[in-house]
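Naming follows writing order (A, B and C), and every chain is counted from residue 1.
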């Protein structure tokens, strides 16, 4: 059922007192769980749960041609599929705009943070490089797929291992892995999306809260050297039709830095 | 399959007649519940020769000669007379299309409205409004609703939660006993639609949250014995937590 | 006979390790997971619910829509996301396998959506999918006659085996591998049968008998998984 007028109003009334329907405070995340190795044929795969929201992400590598303007660098392709099994609102068919936008947000965060050292993914300059494929699927959509997807993508990359390479055939040995991890830097991006309901800001919305909100801003941050002083914002996406006042956005930027630190502490890889 | 029979002494607030209740067993479609020509196949069951066989997943319940399945899951199938809570999806020239979370569309006709309606229908009930209605007839799988009657009408304020419609009888309790406990303990106004849509309005946020928790508790423990006691314990523990 | 011992050491009539669990997707009306060894499938059921657009509705019965797909990283060589001709065919045979047991006439003008996703693939994916889907339909409270159970039977060279692994599918010596996915209703009717390879008529009859027996064992596991819901109530 779509959200009702009275629920929308009630959400705002609760928020005015700093409360939410599930007892959380506006800036509280639900419980985050990360499980690794959910699909053994992937170079790396991860299941992330934020509350009841569940996504799985997998990393696969293959040999591909480099882009003409970066002949000695590997490539990255990020895909998101909002599976019909994860919510009654998704129908089978080609990716909807929500899936496309989500994939691009995740991709920008990873690319701009410099997490992957693409120069180390070159096999033969101008001819062959490793293409990294990150595929994310929703398994249960209970709100906040953006943060869950970004977290899943980065975690999957962090635990992934390089596949074995057959130098003679110049092909990847599919399904056979080395113990070597992917060439990654310390700059793991963390994305936090802030939602606006009325004039209150909150994070990690349930589906209802998302429906009740007018605007959202996703911010991806990373620390190149792993040190707090070096924190940088790598990607921003404002979504939905509502607008933000300057003070609201400045507050969100500060909160993003704070929240990214908190999330880093909270993430425990099982 | 042998049938365990035990006589359960009911609580004083429940009816005086003693029921021979069977320890309810989860049964899957296609499995035999009992054998015997004396038994009558009730809801969710079918007779196959000597046997009464389950046709739906749920708890097998044998009361006297009647064998039925108490469903634990499944979408709401409307019945005439049900009090339901729905959301206005659209407004037409002569009524409102209501979403009841049912597989069929529902319509509240102007003629089933108690007020004298003049002019723009949206001034009375608009898209997004929540209404308590009664299912007045079901024809060709489309549902006709009425809003004429005591306790029916538009709901204001409060919040809506969703539970599986099969759990509604447990949340309401025998003759409303369970829902009364929740209302008393939290001071909330609560209306439970047969379609699993529940409206809660409390004076304080904490009261609404506690009512929701109590309902979730009942839904998760719907078929254990002594649920009424456990719900009372639930509220006692909540008070001690403070 | 070249195939005297199974590649993974199993007995010829032994399935891989099976895992069955119900209620794995919270949003769904019913859901389940089914695993044969390294093949894992999850199924989620939504419905019966309203079917839009109206012209697709059937006034006599419910429309059953099955949608099978595999995660891109469920296989060793990445599968590009999106439907393929193979996944569309599997979706259809799945629909045909499940339809006979569902009381479709009870839900006219509506739709029941069955979504199957393969999380990890090592042969017999459609069988795992059907097993998960049957449990998910029951879990969703859909009125149905009984469950459906499915397994792949193989003829590896001249040997009959239960629950082929991918390695066995790729066997090339002797008469090679013939893969036969089968599905049976609980009462023993065949609702799924496909074959590709080379097999004699009498061998095929043997295969069907073997499949029926194996499915009886699988049924008991599906039943247990559904009954386990009772422990949480």
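Note that in this section a residue touches a chain if its C-beta (ideal position, glycine included) is under 8 Å from a C-beta of that chain, and two chains touch if they have at least 3 such contacts.
Since we're looking at a predicted model, the values are computed, not measured.
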Chain-level touch network, classified as line, ring, star, complete or other: complete
Of A-B and A-C, whichever chain pair has more C-beta contact pairs: A-C
Whole-Å separation of chain centres (CA-atom averages), chain B against chain C: 34
Centre-of-Cα separation between chain B and chain A, whole angstrom: 39
Euclidean distance of C-alpha centroids - chain A vs chain C, Å: 32
Multi-partner residues of chain B (at least 2 other chains): none
Shared interface positions of chain C, touching two or more other chains: 49
Chain C - residues contacting chain A, complex: 25-28, 31, 38, 40, 42-44, 46, 49, 67, 69, 71-78, 81-83, 113, 115-117, 119-121
Residue ranges of chain B in contact with chain A within the complex: 86-87, 89, 99, 101, 126, 128-130, 155-160, 162, 197, 205, 209, 212
Contacting residues of chain B [partner chain C, same complex]: 25-26, 28-31, 44, 55-59, 71-75, 103-105, 141, 166, 220-224
Chain A - residues contacting chain B, complex: 1-11, 14, 17, 19, 21, 23
Contact set on chain C toward chain B in their complex: 29-30, 47-50, 101, 103, 107-110, 138-147, 186-187, 223, 226-227, 229-230, 232-233
